[in-house]
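See structure below.
For reference, chains read A, B, C and D in written order, and residue numbers begin at 1 within each chain.
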Amino acid sequence: MEHLQFEFKGSANRKGCQKTTLVGVVSSGNLEVMLENSELQGLCRINVSTSSQGFGEIWQAVLNDFAARYDLSNLQISINDGGATPAVVCLRLDQALENYLEASS
Amino acid sequence: MNIETLLSELFPLGHSVTNIDSILTGYGTTNKGEIAVLGTTDHLAVGVEAALALATSALGVIKNDPGRPILLLVDTQGQRLSLQDELLGINGYLAHLAKCLELARQREHQLICLVYAEAVSGGFLSFGMMADEIHSLPEAKVRVMNLPAMARITKLPLEQLEELSRTSPCFAPGVENFIKLGGINTIWQQPLAERLVEVIGMKLDEDQRRHNGFVRQGRKLAFTVAQRVKAG
Amino acid sequence: MAIKKWDTQAENRRDRLQRAASICTDRIVPAERMTALLEELIEPGDRVCLEGNNQKQADFLARCLAQVDPQRIFDLHMVQSVIALPAHIELFERGIANKVDFSFSGPMGARMAQLVAAGKIQIGAIHTYLELFGRYFIDLTPKVSLIVAHSADRQGNLYTGPNTEDTPTIVEATAFKSGIVVAQVNQIVDQLPRVDIPADWVDYITEAPNPHTLEPLFTRDPAQLSEIQILMAMMVIKGIYAEYSVNRLNHGVGFNAAAIELLLPTYAESLGLKGKICRHWMLNPHPTLIPAIEAGFVESVYSPGSELGMEDYVSARPDVFFNGSDGSQRSNRAFSHAAGHYATDLFIGSTLQMDLQGNSSTVTLDRITGFGGAPNLGADARGRRHASSTWLKAGREAQSGLSAAPRGRKLVVQIMETYREHMQPTFVERLDAWEMMENTGMDLPPIMVYGDDISHVVTEEGIANLLLCRTEEERSEAIRGVAGYTPVGLGRSHRAVENLRDRGIIRRPEDLGVDHRLATRDLLAARSIRELVHWSGGLYQPPKRFRNW
Amino acid sequence: MSDLSGISRGHSYYEANARQRIAHLLDPGSFQEVLGPAERLTSPHLEPLGQPCSFDDGIIIGTGSLNGLQVLVASQEGGFMGGAVGEVHGAKLTGLLERAVNERPAAVLLLLESGGVRLHEANAGLIAISEVIRALLATRVAGVPVLGLIGGAYGCFGGMGIVARCCDALIINEEGRLGLSGPDVIETTMGVEEFDSSDRALVWRTLGGKHRYLLGEVQCLVEDDIDAFHTAVIKTINTVQPLSLESLEQEHSSLTRRLADYGQCQDGADIWGEMGIDDPQKLPLMDIQSFMVTVADKGQGKL
């Protein structure tokens, strides 16, 4: 197992809902993504636990783009990964965020 | 310990337990009175017939001897692995046995289990593990699966499992591990007749295993998690 | 001056038949005498064709040949489409054969590589199907061909059933050049449903102890399709099939193609594309095409082979498929691949690796796998002269701004995720094919589809239209632009990619108007094999291994 | 989006994950999760074996309503370790069943999808399943019906196959499988001659929803549609029998009869033939509607 943490400074103060949002399932080639509101001094923090070792740089690149795309702050994102490809990771992140914003609006 | 020796040590005052196709049924005499005996021997692989036979006996005790304590003697290598058993719905037969034992408990029969040889997964789950309290002889073997088979199925290296089994009671076979997890109450040392008499009449209402696992630090989460869910 | 003899081959043939008479005087040979018969019919050094493709296999005759006495029969030169059975390998292990010209060796690829390294197999060349078939008539004509059919009558006529495949080609090359044709059949009957091979082209027939092997190679279970594959299929339908009005096409086998087929009655229908795309196909009867056929998208399908379980369905749809007077399908690999090369406007396939030039390869190290038919299907047909609007539009894109005589272009599309399972990147700086070439001493790296034949690359990130690229650098940047988070993709220049996007060379799902939220399994016309059966009205009978009922 | 009528179909139970099943089964918005993922009650036994954990340990539990009836619900996630039961997973289920004794909901719904004991924490998993069985039967004794729903890709096997048959009633779709030892386990241990697990038609003739229904082991066989499960739950909820000597004796004679009648049969189709069904080989190919017509009044009396 490898545990990674990423932090991004965001400016958009899109307040999410009170509820947590979870999408996906931890299985081979798949992952679960949980989004929670959290007072993080404007940060978006992403914690990744993955069974595939040695892909930190790819996670960094995927999450850089994700953070740039949505400009999020005060959001805790937690990921349990069963070895998903970047394509699946991006899809789940998008789905999670859509659910999150939908539920909060 | 073979079954004849076991029965004579448990019941020095005598017993009427018979062994038909490795199924044990009958009564034993203790100095707290008669106790019904149900069990298996010869490391029986429990198939549909055996499950049904045990259920027949359990229902017989419920009907004919209201409230009499029941001793469950466990020696099973698990469920029988066959297409025919699955075709007939063996899980339903085992569930039926479990339900009959639960009915006995509801009708004030004390259920005492003694693992005297082998206790493996399915056969144990629907029978001995239904007891109010579960005891074991020191030489008994309790497991879900042996480590090599486990390594094969989980695709984890055997060495890793062996290494971890030294520190975690959670998956390695063994009576001691089951005791730490609360799955077995105590190990019975000689004289067995005294051990049996000690527990007869100590009626327990609740499933104690989670609590025991918590106190013994082998299963730290089950008790608190269940409590939290229950409390809402 | 001695008189030159002009019929030595025919004379040799007569000698062989005479020798064989000591084993069997009848055209119908008992199975247990087949090995002995082959020992009389075949001579050392012969060129022998063993029929078998990725579907049907002359498995019994292959085993018989592998059992001949290597003291008597040796140094054979095998010519065959596919090396797939253990018996094929045994021929070389036992020294019965030492040379092979072939096309594909999927399951035996690893063992092949070992035998080549050990000097037990000399590879003449690895071909495409059409090339190999072509050489049967030029310089690789078989002396003896061991073929397979469904049944024979007592005169020796053969019925191949729906899986005609390579049989007519092999028999034609052999029987008309003084060769000998031996056929295994599942059964000998009084009356055949139809005649696929006439009796006087066949010398011997045997009833094999077991029905010949038949692999359901083109069945893809919709249950395994992922949302990513569905998203890519949506992009293909909207961004390529609709834009170019693709009506004559071929799909490579695989889940990506299956996803496209299953979106026709749903997504394509919702875009109003019925009757406007995907009307004429060169394709094995893919079970996943059933919903599109039933929904009225598909007008015709011509097949190189059939597919196990599809027989009744195909028979019941003679307006769509090519069926004989008996009602069952007739397939033909040679004609299909000629059609696929010259008469279709689009090929779409998947690959394991692609480099920055767009070259793609399915080579994995330590395996010799070969080509099959993909290079002919996945190549621009330079000799094509007839026009279609699709072909002309692609040609205009490829030639815009260049001063050349106008001509069309075939659309050759590669579709794949940027990473395969276990995080293997699809896009690489250098194909493993190069290392394979170096290790085995091949003349060329085994490239499946050359980059200059490819028109579009589709990944989950979007579509790269290589037709519009004008320089090597632009092509590379376009490929990087859809290569995702692979090392190749991470090497992109964001500015260059945005520039290509502005020019329509790279198009993201949002540029195409593809809503990624629709990319769920609910969009599939069938989500399971069971639903395919339902679409077929119970006519499709899937093999046991694909059922969950 | 324009017309997508070609795909206007229900929500497949088989396709849905554990959360989606709950969402579509219960009254919209009524589900309140208990010990949800934010609590991070994950298994401590997976990390040392290099296995990823899941925030809900593969089971979602909570309260909700179904047609206005208050229910407790648990849903196992087959995608996570095959729905296998570990320490936390099992304790959540046990706790829910015990809570039902206090809260007295109209029913407890168990959406079962599990291979049984999670081998990575095998001992804890086995004991946990035993605790589930005891808690489940105690809930029934307390008069709260427990209904099991089966229909996911992973089936319901091992100890959870026993748990299922401890429920008051079971609802299954055709794709659902219910048994004790999985075909691959039997094949690995006893050989392919005993059970060829790659012969999926055989697997379903032995363990699939239709066969379970004909044996009388499940009360409702439904289309693969969460709405159909919903309807079946409502239909079943009021028909449950208490756990009593009478009901167990009835079950006992039924199981005895099954063994006597079909004990020699080697294949599901043999059993269906014995039941007096003409052309039993055709049953697997039928859709649910025609199947129900064909087997009406056939098969063993429902338990």
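Note that a contact is a pair of C-beta atoms (placed from the backbone, for glycine too) under 8 Å apart; a residue touches a chain by one contact, two chains touch by 3 or more.
Values in this document were obtained by computation on a predicted structure and should not be read as measured data.
J.: Please list the single chain whose C-alpha centre lies closest to the global protein C-alpha centre.
T.: Most central by this criterion: D.
J.: Counting in whole Å, what is the centre-to-centre distance of chain B and chain D, each centre being its mean C-alpha position?
T.: Going by mean C-alpha positions, chain B sits 25 Å from chain D.
J.: Roughly how far is chain B from chain C, centre to centre by C-alpha average, rounded to an integer in Å?
T.: Roughly 59 Å separates the two chain centres.
J.: For chain A versus chain D, what separation do you get between their C-alpha means, in angstrom?
T.: Whole-Å distance between the two chain centres: 33.
J.: Averaging only over C-alpha atoms, locate the centres of chain C and chain D and give their separation in whole Å.
T.: Going by mean C-alpha positions, chain C sits 43 Å from chain D.
J.: Using the touch rule from the top of the page, what residues of chain A touch 2 or more other chains?
T.: Correct list: empty.
J.: Could you pull out the residues of chain D that touch at least 2 other chains?
T.: 50
J.: What are the residue numbers in chain C that touch two or more other chains?
T.: none
J.: Could you list each pair of chains that touch, in label order?
T.: All touching pairs, sorted by chain label, are A-C, A-D, B-D, C-D.
J.: What does chain A use to touch chain D in their complex?
T.: 1, 20, 22, 25-27, 30, 32, 34, 36, 49-51, 78, 80-82
J.: Can you check the complex and tell me which residues of chain D touch chain B?
T.: Contacts found on chain D: 34-35, 41, 44-45, 48-50, 61, 87-88, 90-92, 94-96, 98-99, 102-103, 117, 119-131, 133-135, 137-138, 141, 158-159, 161-166, 178-181, 183, 185-186, 188-190, 194-195, 206-207, 211-212, 215, 217, 243-245, 248-249, 251-252, 255-256, 258-259, 262-263, 265-268, 271.
J.: Which residues, counting only chain B, touch chain D once they are in their complex?
T.: Against chain D, chain B makes touches at 48-49, 52, 55-56, 59, 62-63, 79, 81-96, 98-100, 102-103, 106-107, 121-122, 124-126, 129-130, 143-145, 150, 152-154, 156, 160, 164, 168-172, 177-178, 181-183, 207, 209-210, 213, 219-223, 225-232.
J.: Spell out the residues on chain D that touch chain C in their complex, using ranges where they run on.
T.: 1-4, 6-7, 9, 12, 14-15, 153, 174-175, 198-204, 208, 210, 284-285, 287
J.: If you look only at chain C, which of its residues touch chain D in the complex?
T.: Chain C reaches chain D through residues 223, 265-267, 269-272, 295, 515, 518, 521-525, 527-528, 530, 533-534, 538, 544-549.
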